[in-house]
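Below you'll find the structure I mean.
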Amino acid sequence: MPEPTPPAPPAPAAATAAPPPELPATGPDEVALLIDDKPVVVKKGTTVLQAAERLGIVVPHYCYHPGLSVAGNCRMCFVEIEKMPKLQIGCATPATQGMVVRTANTRVKSARESIMEFLLINHPLDCPICDQAGECRLQQYAAAYGRGESRFVEEKIHNDKGVPIGPRVVFDGERCIKCTRCIRFCDEVSKTHELGLFERGGHAIIGTFPGKSLDNNYSGNTVDICPVGALTWKPFRFRARVWFLRNVPSVCIGCARGCNVELGTFDHRIRRITPRNNPEVNGWWMCDLGRQTYEPLDGRPRLEQPAARGAIAAGPPGGAAAPAIPVTAGVTPGEALDRAAALLRETAARHGAASLAAIVSARLTLEDLFMARKALQQAGIGRVVVPPHESGEDDPLLLRRDRTPNARGAEIVGLGRPDAAATARLAADVKAGTVKGLVVVGEDPAGDGLLEAPSLSALEALVVIDAWRTPTAAAAHVALPATGPYEADGVAVNFQGRAQLARRGVPAPGLAEPSWRWLRELGRRFGLAGSWNTASAVFDEAAAAHPPLASLSHRKLGANGHPIVFAEAAPGGGAPAPGTEAREP
Amino acid sequence: MSDAAATLPVSVETDRKIDALLTKYPRRSSALLPALYAVQEEHGWISEEAMDYVAGKIGVSPAFVAGVVSFYTMYHRKPVGKHHIQVCRTLSCMLRGSFQVMARFKEKLGIDVGQVTPDGRFSLQYVECLGACDTAPCAQVNDADVPLLDATKVDEMLARLK
Amino acid sequence: MAYEKLLLKNAGRENSHTIDVSLKAGGYEALKKALKGMTPEALLEEVKASGLRGRGGAGFPTGMKWSFLPKTRDKPRYLCVNADESEPGTFKDRLLIERDPHLVLEGIILSSFAIDCHTAFFYIRGEFQKGCRIFEQAVAEAYQKGFLGKNILGSGYDLDVLVYRGAGAYICGEETALLESLEGKRGLPRIKPPFPAIVGLYGCPTIINNVETLANVPFIVERGAAWFAGIGRPKNTGPKLFCLSGHVKKPGVFEAPLGIPFLELLNEHAGGMLHPDRPLKAAVPGGSSMKILPANRCEVLLDFDSLAAAGTMLGSAGGMVMDSGTCMVGALLNLAEFYEHESCGQCTPCREGTGWFTKILHRLETGHGRKEDPDLLIDVARRVEGNTICPFGEAIAWPVQSYVAEFKSEFDDHVTKGACPFGGAAAKR
């Protein structure tokens, strides 16, 4: 059967034997080009390297980074472009209409092999002791594009190794390939300008001004972007081989931005936190404080078992050592919860419902907060305060003054925003004795200096749900062990009004459960109906109850979250985070 | 004013010279190379302290200034001799015996290339083509050109220079 | 052949660097003529028609370069004079600067006028302290006489000239590295495109011209493009300053029309070979970056196209002559070390390759060469060439390729003999 006549191809630009594959139509601001015979349409100004990425074609590179200016010095991204006699670097060549590009012919392969050889001749054979192994571009490209053996028999150029270039960053001068990504980051993103390029030629080396240090809150990003092991992260140095890490996508809990992160876990412990790209929230970056948010999991004393005690006894709040909780022998979670409910009921009976109050944290997940509201309502506790946790000012890049990840989440579920005044009033009322019973979820008012020992010990019912063995927990009548950061799935709404799903990276110790589970059970004892067995189910219930969350779900939030719609415009919502815009080529 | 002057790593005169440079060019950044020369003119070399100071004057980071200083061969990062002898080592001078000339300097002064004599009078440096190949083998002593060197001229020169 | 000296006409006079001597010799007449009766466009066309090609090393047609400037005037235009003369074997610009700065300055003013530039920069290498003093004095004299500053000669044209000293870096002779240095940074060449005519100094349209190139412009203006094009050979027009140094009796700068035979330059101008018993072995016609010619290929004409046809280039016209007593391995080692010291270090092939060359050559020269080393040199050079940000890659690759190719047996001898047959002086410093 004859083929249907194809439409006439456009007249070829030059008289070639076979007409080139037909180029797709383009809009006024677009160009169409061919890369390895595959057509692609891109916005004007897009580079050949970026256009190739659109097609899923890998053009190897070191010095190019979408978040930094183009340097063009590594020479790894060579491609062949018809009508241009020399090979061109894809990272710096704008795609033009009708361009014909080849990324994998003999000439390009030979150039890549040459560049690999040049990069390796002075590079130390440090792989066995280098953190970068397993995520090193030199290794990857050497395997993919290299000669396979060395012809270099000379003495390599030597430089200082293991240089503490900053409090959290270690520099190896021999591994450095002078791609200058780190310098460009410090100049263009953190704008702290600590790094420079010194000497010239084969002795060119990056470094700080003598006596000065790479000491800014974004120094960790230079380690992420260093394509080799020249810059390594001191807290992670020699801790784990990256191919053993189980990587979990999650969200940082350090502040109200909620940078998207990857938890690198090994043997049930987080070994490092690195940023995941999210153009709306944090771009490619995160701050050093955020990288360290898992560290309390490695040593801060935990609540691991439910605890309850009979008489009210004073514990020393704010003590340096881990406060001990007297445990009634063999209390089960059920018994602890029963005791908690009973204490609250008795206190309300003696002094009235208004004598009960709750302190709920904006550090909790949306699921925790939703269940808190429901349970507290069910228990007749109407007075709920959310304490603020602020530090400094919003910095020009990512870090927010508000150090709670979910202030907006508290607002959405009806608990209100963090409120210093309301918190202070509650503290005063506790001190004055008009509040006799407190439910504290995820907060440490004693340790934070809000409430003092006598006030705490005067309470007739103190129920604490928390991960940490705090002074407040030590004074509690009932202490219920909660999951800590990165130990449970949950959603937080960041300051932009973006709901993001943090995934659990590591298991919690002992009998710790997410706070929402404890709250559900506590609520049950006051008649709360409903059985939500997963965080996802709780979220779905919250979404049904609160219009801004409507149509969202854990599944829908995926890896990069979703903006939610408030009644009034969200501050800063929708605009990408500063320093995170993909650079114009 | 004298208190402020006391803390500067340069003289008031040099500080004023640099101020004038800041508005001489269409962009302030261009003042960096001449400012470094001004510092070196006064002290004979450029200390880290001076680099930090110049960085503040121009409005760039100290790391940037250190990068510029270390890129160019004519900025000295440690003191050189009162008479800094720079012998050309590139082809035309080499063909006409510059290595032998340098050997004579080394022998007479008792120092190696890159060193300063104990009395601080002389230092030796190899430099690349000085653009005076018609007078090979040639050298510079500080700012001055020294053409057509040979062993006799080396001895003569060293005797003459105090 | 009676050749009328042009570029060096004034240079031999006493106090030739002063404006009084220059004026007596006819200096600034071209400027007066141009400002009185020519438009900038007409001047540009004249330079185009003259066929003047850049004298810095690339030989690019000057008028064509000027015409790359964009038509818009939203940004100021700049002229940068490349007085960074650092190509080994080259010293002609220095001669012009020290002996006839006013010729150069007149060329600068005329060229600035042609391209509608009102601030010109004279970027002079740091080591030319004497030349810098002389040129600054010449600039001051020109201001005094009203050839610079506001409303030059009542024409309404303003021009300022700023002198800027380099600080010791051969790479700053590369156009975009020069711009970086002028902007107060490390002299790292820029990625091109964009080219300086579009995005140059401070991001503004900029023309960079060599000192000698500009020194030709007053003659073109005064006597016309047709006259200029009659000097030299077709497409290789005008007078030229040729440098010769190395093993010659009278090293120096010689003016001759483009196209003079190399051997005539060597024997009739430079006095022939230095030692009567050591004949010519090899010559680099145009600065160390250009491919070498063995003696049996030295019957060439010295112009852009003839040398290109001979497999090398005129470059900066810095000719270097080597006699039979020269070890070619040692000579190449010497140059390789030059390029290793001068590499800016920005891009991978040059930063790593330059050091590799010197290490291999050092082993060869000290008798530790391996059989495969000469071929390795050639292969590594092939991998540098064409892969760098700037022509520095070619500048080291070409000498390596040509010395090894032309003198292969000498390289092999170093290996088989396990020593340098000439004594290995180049390696013992």
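As written, the chains take the letters A, B and C, and residue 1 is the first residue of each chain.
Please note the rule applied: a residue touches a chain if its C-beta (ideal position, glycine included) is under 8 Å from a C-beta of that chain, and two chains touch if they have at least 3 such contacts.
Everything numeric in this text was worked out from a predicted model, so none of it was measured.
Peer 1: Could you classify the connectivity of these chains, where an edge means two chains touch, as line, ring, star, complete or other?
Peer 2: complete
Peer 1: Determine which of the two chain pairs, B-C or A-C, is joined by the larger number of C-beta pairs in contact.
Peer 2: Of B-C and A-C, more C-beta pairs in contact link B-C.
Peer 1: When the C-alpha atoms of chain A and chain B are each averaged to a single point, how far apart are the two points in Å?
Peer 2: So the centre of chain A lies 51 Å away from the centre of chain B.
Peer 1: CA centre of chain B versus CA centre of chain C: separation in Å?
Peer 2: That gives a centre separation of 25 Å.
Peer 1: Based only on mean CA positions, could you tell me how far chain A sits from chain C in angstrom?
Peer 2: 55
Peer 1: Where does chain A touch two or more other chains at once, residue-wise?
Peer 2: Expected reply: 197, 199-200.
Peer 1: On chain B, where are the residues touching two or more other chains?
Peer 2: Each of 60, 64, 67, 71 in chain B touches at least two other chains.
Peer 1: Two or more other chains touching the same residue: where does that happen in chain C?
Peer 2: 169, 186, 341-342, 344
Peer 1: Can you tell me which positions in chain A touch chain B when the two form their complex?
Peer 2: Listed in rising order, the residues of chain A that touch chain B are 193-200, 207-212.
Peer 1: So in the complex, the part of chain A that touches chain C is made up of which residues?
Peer 2: Chain A reaches chain C through residues 70, 72-76, 78, 86-87, 89, 92, 111, 114-115, 117-119, 121-122, 151-155, 157, 177-178, 197, 199-204.
Peer 1: Quick one: which bits of chain B touch chain A in the complex? Just the residue numbers, please.
Peer 2: So the residues of chain B in touch with chain A come to 48, 51-52, 60-67, 70-71.
Peer 1: Spell out the part of chain C that touches chain B in their complex, as residue ranges.
Peer 2: Chain C residues touching chain B: 76, 85-91, 93-94, 119, 125-130, 162, 164-170, 181-187, 202, 243, 245-247, 251-253, 288, 318, 320, 322, 326, 331, 334-335, 337-338, 341-342, 344, 425-426, 428-429.
Peer 1: Which of the residues in chain C end up touching chain A in this complex?
Peer 2: Checking each residue of chain C against chain A gives 169, 186, 191, 340-349, 351-356, 359-360, 363, 370, 376, 383-384, 386-389.
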